[in-house]
Every structure is written in structure tokens, then in C-alpha cells.
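Please read through the structure below; I'll follow up with questions.
Labels run A, B, C and D following the written order; every chain starts at residue 1.
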């Protein structure tokens, strides 16, 4: 397993050191000494095209970030040993006291495509990915049955429906709900269009996704 | 739940659009049309100070990123419905065919601190975070028993030990192991010092963490 | 019925005469002498916010325009005396030899809202509007059943689905089909967002609505 | 059917966005949020030279517009499935509560010319256009029999007679008549001379077409 660390990552790291770190050295030192106090948690996809720090142009200390396939929040109450998302939620909400949680999905999501493909009878290869995507399988079945929609429309629709579900699942964690009810925490949805770069934010009342005024 | 999307995120997003997106429009469009083909998966911490895209100065399409508390890879073979990390692993390895997986830890990790505090009898508040950290509890107990070490040394030690464990857990997934054995995939560890900005990479043979030559 | 012609229309007409007509007098005279030769037919909604001449910034002689509620093309083969849309289609295609037909829908369409309301059990008042909207009632029922969607998403979806149906209905008129097959005529869909001013055009292969590159 | 959207329309649309939309952005947004409330419905011809928004210099939200061949209002009481004009009439009168309906004809109308040609034994090609024009065939026969008139005089005469008939047909819809009787709605005729740009308005009592004072 004597594997050489990828040189392009070391090159990038050197850029970071001579660039961002050099200009923000004090901020990094202060963040190290005083600890992080991010105001915002983002639950985003693993996708290489949707890094929240890039899209929101955020620096060190600003975003506490969970990334899993298709930015899903599993429901509360699972009898599971390692609930990765819930553990991170607790850490961010109870311990870091974030004020905002943003579930950020994106267009052309491979996970969502996998869920739709499963509904169409073509489950993705693997023992775990299929189970993970069962979180959206009911919705995927309903969307996939809408033959009036183009495949791309089905994809966008399921991406947005699943963001709404994840925001709802967030609310079902008692430690989230109590803080939302107290006005200490707010929940948001967003959807990023990789091609156009557009960000659509979810209206919390209607569930609609709209582009913020420029 | 009619909550206004945080304005500082929208401000950052506008910076992104007028900056990075404006100069990389073609790259985003091409990544949207042709799909992502990242060569590298990074398993990093949710911590707001350790975004892999920032530290490795990577642009869109380069890094497939899993982020959970303390950048842990749970062991294979769990009888669990939603194995977030394994699902993302399968997606990146089987479907995206990444060539590298980097487990990237960092100094002053709150999750690792929580594991050590638990060993010392002060478990962090919450129903899920404690369970999540049982993944490193045996190691935390052993580190915590080393009374010759300062608390800061115990912390750094457990951060690095858990990276080694996560790399080992990676190897125990058959779809990872077979590709590593075939030379199609390599596994790496790295540790980032938030204060100094130093990156230490793990030697795959010895498990040592060393600073790469400048 | 001695009713005075609305003065605000006469005021607008005087603006036209001193403005556009004064600068395009020769064009109007030529169009009168030589007759119209529009290259394009647009089938648009009656809605006061979606005039095709305004949205496409077109002058006299450019667009042959049908406007009905919800920009619908009824199917061919109806045993009806006065098929308004088919008569205009024949006039534009056979007699004027237009090269393009654009079915242009728009957001927040009252007709489409009426079709969805009918599906939900609240048919709009009137003897004719309900019958007219039966053209999209099957699709409206399917869309209305999608409880995963917000009302606004249902509305946009039906607006776009009905554009696709209208384009399909166009193709079913033999005099349209033969010219399309000969390459003399092309059919298009478009959707206009009243609020943002965005125009989305339909991809003829996939049926997707996309914004053209800026 | 993968047909490229006409580039001259996209060029015009860009002019609209940088011109009218840019200066009236607030009006468009408000019209989107609050819905349309046009005071006036115009029933005009599909002819590319007679766009009512152009001739009355009207902006978004001002005119609810029906356009069919020769700006005809079919009679009420037809046993037809899709009565396009009546459906739009109901929508504008009952739902939008317009205060004015203008039937606007124009000179050199191809539909009216077709009706006269039919009377002279030369019916226009097509299965639908001929049926549509039977609405004015009795009048066309009578006009065509007036051998003292030049062809151009016959044309103008039938254009104006048919406007009077359409205004009368409007009055025969009970939901129109009741509002006219209550003073909530007024009906108008107008005739536009494409060559000279002149607008002639109909006197509701006498039926005469007169040029309004400048």
C-alpha cells in the first residue's frame, strides 16, 4: 500500500499556502485558537461540481458541511448504529449552535438519476447505494410514472422534491424542531444548476424554488 | 417556516457568479453536459475550517467529497439501512471510477475531542453523536490512558490513528480492495494543521504522517 | 350602445402614429401594397402580459399571430363548424407559407390554472371556458395528482406539457406534417416567464425547455 | 423535429430584455405577482401588420387579446366542443372583468378577401379556412353582387360589415349582454388602414366608421 500521494493535490496545496493561507494566516490561526463558530450548516451532495464553499464563496470557518450522495437527510428514529447525518446534525445544532441549515441539491445529480433509474428497473450496481436511495424511492416511483414529463424534467422534479423531503426530515429531529420553534434556527432549501450557475432557493411556505432577485 | 435565505450566502453566491463562474463558464457547461469525472474522492470532516476544495485549491469537477463528523469510514458489513459513507464510496469507486481516495483529518477536530471526552467520562450531549463516535472509542480509551501525553498530544494522536483505521476500513470493502489490488485505485491519508496550514501525508507502508517536501 | 371609444386607446394610437408609424411609414406602405409575408406564426395566449410582438421585439409584417386562452392547438379531425385555430393554421401555412410555427406559453397562465382547478373540483365559471380546457384535462388530472409538487410547480409543469401537446397536435394536421417532412416548415415551443422575463425554448427532440445561451 | 429556434426571434428577445423589460422590470414583476387586470379586450386579426399592442402603443398588462383570421366573433349557441373565441370571451368578461371589448379589423384583410373570392367562385385552398369564413358568406355574397363597387371598395365594405356583425354577435352572449346592460362593459369596433396608419372607430349608434379628431 506504499502509494504516493497524488502530486496534483500537493500542487494545489502549495497554491493554497502561497495564496489563500498566506493572505488569511491570521484568520486560520484565530480559528484554530478559538475554535470554529460557523453560523451555517450546509448539507450538500458529494458531487465534484457542487462544493458549497465554492458556490457561496465562503472562507474558512463559515460553513459546517455534510456531504453525502444526493444531499439526503435520512428520517429520524432509525434503529441504526452509525447515523452519519444525524450525528453531524447534532454536532452542528447542539454543539456549534448554527443558525441556519441549508439543504443544497443540484442539477444532473447522479444519485437522483440512480433513484429514477431504479424506478425504471435499472438499479445501480452496488450493495449500499441502492439501499441509500430507497429514501427517495416512493417519490421516484411517482415521478417516474409521469410519462408527460421529459427525462430531464423528471430529474429536476425529483431533485427538488427530495430537498423538500430532507427539509421536512430535518424538522422531525426534536433538537432541530425545538430550536426552529424558538426562532434560533432556520431551515432552507436550495438547488444549484451546474450548467448555468444559477441558484434557486426554496420558499419555506410554498416549497417553490425561485431565483433570488439579482 | 417562511424563512428568508441568509443574505450573506446570497452575497457570496453573487461573488461566485461574477468571479469563478464568469471565468469558468465553459468548464461548468462542459461538466454539466458531459458529467463529472473526478479522479479523486476525499473523505473529510464537516469542520468549517477544512474544506478540501480550499486546501487543495481544486475547481469544479476535481474532487468527489464525503464529509461527516471526524472524517470516519465506518466498517463494512453493518446491518444498516442507510450506510451513508458506503453508499458514497460505491458511487465514487464503482460508478465514477475514481483513482484515489484520500481520508483527510485535521487538527483540533471537535469529533475526536468528543471521543476523548467520552473516554474521560464526559460524553457529548445528543442521541446520535455518541453512537457515531463509538467507531473510535476503543482507540480513544487507549489514547486517553496514556497519561504521559498532554491533552493536545492525545488529540493529535487520535486524529491520526483514526485516519489509519478509516483507510483500513476502506480496504475491507471488497469493491475497494479488488481495485486497489489491480492497481486501479490508491488509498491515502492526510492531516491538516488548521493553525499553521501544514499538510501532513500518511506513508502507506509505515502509517507515519510526514510533511511533503516543499 | 352609443359608447365612446376608450380615450386611453386613442392616446396610445396617437403615440403610435407620431412614433413607430412616423419612422416606419415606408414599411407600412410597402406592407400594404405588397401584402404580408411573415416568416413566422406564433400561437400565443390572450394574456395581456405575453404579447409576442413585444417579447420578440417584432415590427409590422413579422409575426402572424393566433391568440387563444392558454395558447392551445386543438386536435385535427374535429367535426366542428368553426375551427378557429385550424383555419388560421391553414391560412398561415398554406397561403402565407410561414417557415416557423412557435407555440408560446407563459408562466402564471390563467387558463392552465383553470384546468388545474377543474381537476381539483373547482371548475371556472362559464359555459365555454370549461369545454375549451378539456383539451388539457387528462394531463391536468395527472399533474394535479402529483401531491409531491407545489401548486406553482404543477402549474409550470402543465404549462409546458400542454405546449408539447400543442406542438404534437400541429404535426397531426396533414398540411403541416407534409411541409415539416419536406423541410419547409419547422415547429417550436417556447415558454415565457412573466416575472423574470426569461424565455425558455423547447428542445424538439427531448421536449425539454431550456434557456438559450445569452 | 430537432429544430433550432429561429435566431431572429432570439435576437428580438434580447432587444426586449435589454430594452423594454429592463426599463419595466418592476411592472413585469408586479404583473406576475398580482396577476393581470386588463381593462380592455381586443379581438383582432392574425395579420402580421395589425398587432393591437403596436397600434395602441400598449404595454404589458393592458390588453387581453384574441386573434383569429379576420377578427371574427362566431355566433353564440354553437354545438361545438372547442369554441375558442367564446372561451376567451368568458375568461376576459367573467373572470377578468374587462370594461371594454374592441373588435379591430383592418384593411387588405386576407380572410375577408378569401370570403369575397369564395363568393366569386374561387374558394381558398384548405379544409378549415373555408368553413371559418362561412360566418361572413351571406354578407360577402351581397357585397360581391354590388357590381357598382370596385374590388377594393367591396373589400373595405365587407371588412366593416363584418366588424358590425361581430359586435352584434358579442351582444348575443348573455354574459356579455347583461354586463353591457348594467353599464359595466362597453363594446366597440375599429378599423385600421395599414397603408396610411389611420384608425377609424365605429359609432355604436349608427355603425358608421369615422376617424376620431386628431
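Heads up, the rule we're going with is that contacts are C-beta pairs under 8 Å (C-beta built on N, C-alpha and C of every residue); 3 or more make two chains touch, one makes a residue touch a chain.
Since the structure is predicted, the reported quantities are computational estimates derived from the model, not experimental observations.
Specify, for the interface formed by the sequence copies chain A and chain B, whether it is same or different in terms of residue numbers shared by both sides, with half as the dividing line.
same
When the Cα trace of chain C is superposed on that of chain D, what is the rotation angle, expressed as a multiple of 5 degrees?
Here the rotation carrying chain C onto chain D measures out at 180 degrees.
Taking the mean of the CA coordinates per chain, how far is chain A from chain B in Å?
Taking the mean C-alpha position of each chain, the two centres sit 15 Å apart.
Please report how many Å separate the Cα centroid of chain A from that of chain D, as a whole number.
Between these chains, centre-to-centre, one finds 53 Å.
Using mean CA coordinates as chain centres, what's the chain B-chain D distance in Å?
67
Mark out which residues of chain D touch at least two other chains, giving numbers and ranges.
none
Could you draw the chains as nodes, link the ones that touch, and say if you get a line, ring, star, complete or other?
Topology of the interface graph: linear, an open chain of contacts.
By the touch definition up top, name every chain pair that qualifies.
A-B, A-C, C-D
Mind pulling up the chain C residues that touch chain A in the complex?
139, 142-143, 146, 148-153, 157, 160-161, 164, 196, 206-208, 211
Can you name the residues of chain D that touch chain C in the complex?
Spelled out, the residues of chain D in touch with chain C are 1-6, 8-10, 12-13, 15-17, 19-21, 25, 28-29, 31-33, 35-36, 38-41, 46-49, 51, 53-69, 74, 78, 80-92, 94-96, 100, 102, 107-108, 110-111, 114, 124-129, 131-135, 171, 175, 180, 186-188, 190, 193-195, 197, 199, 201, 203-205, 212, 214.
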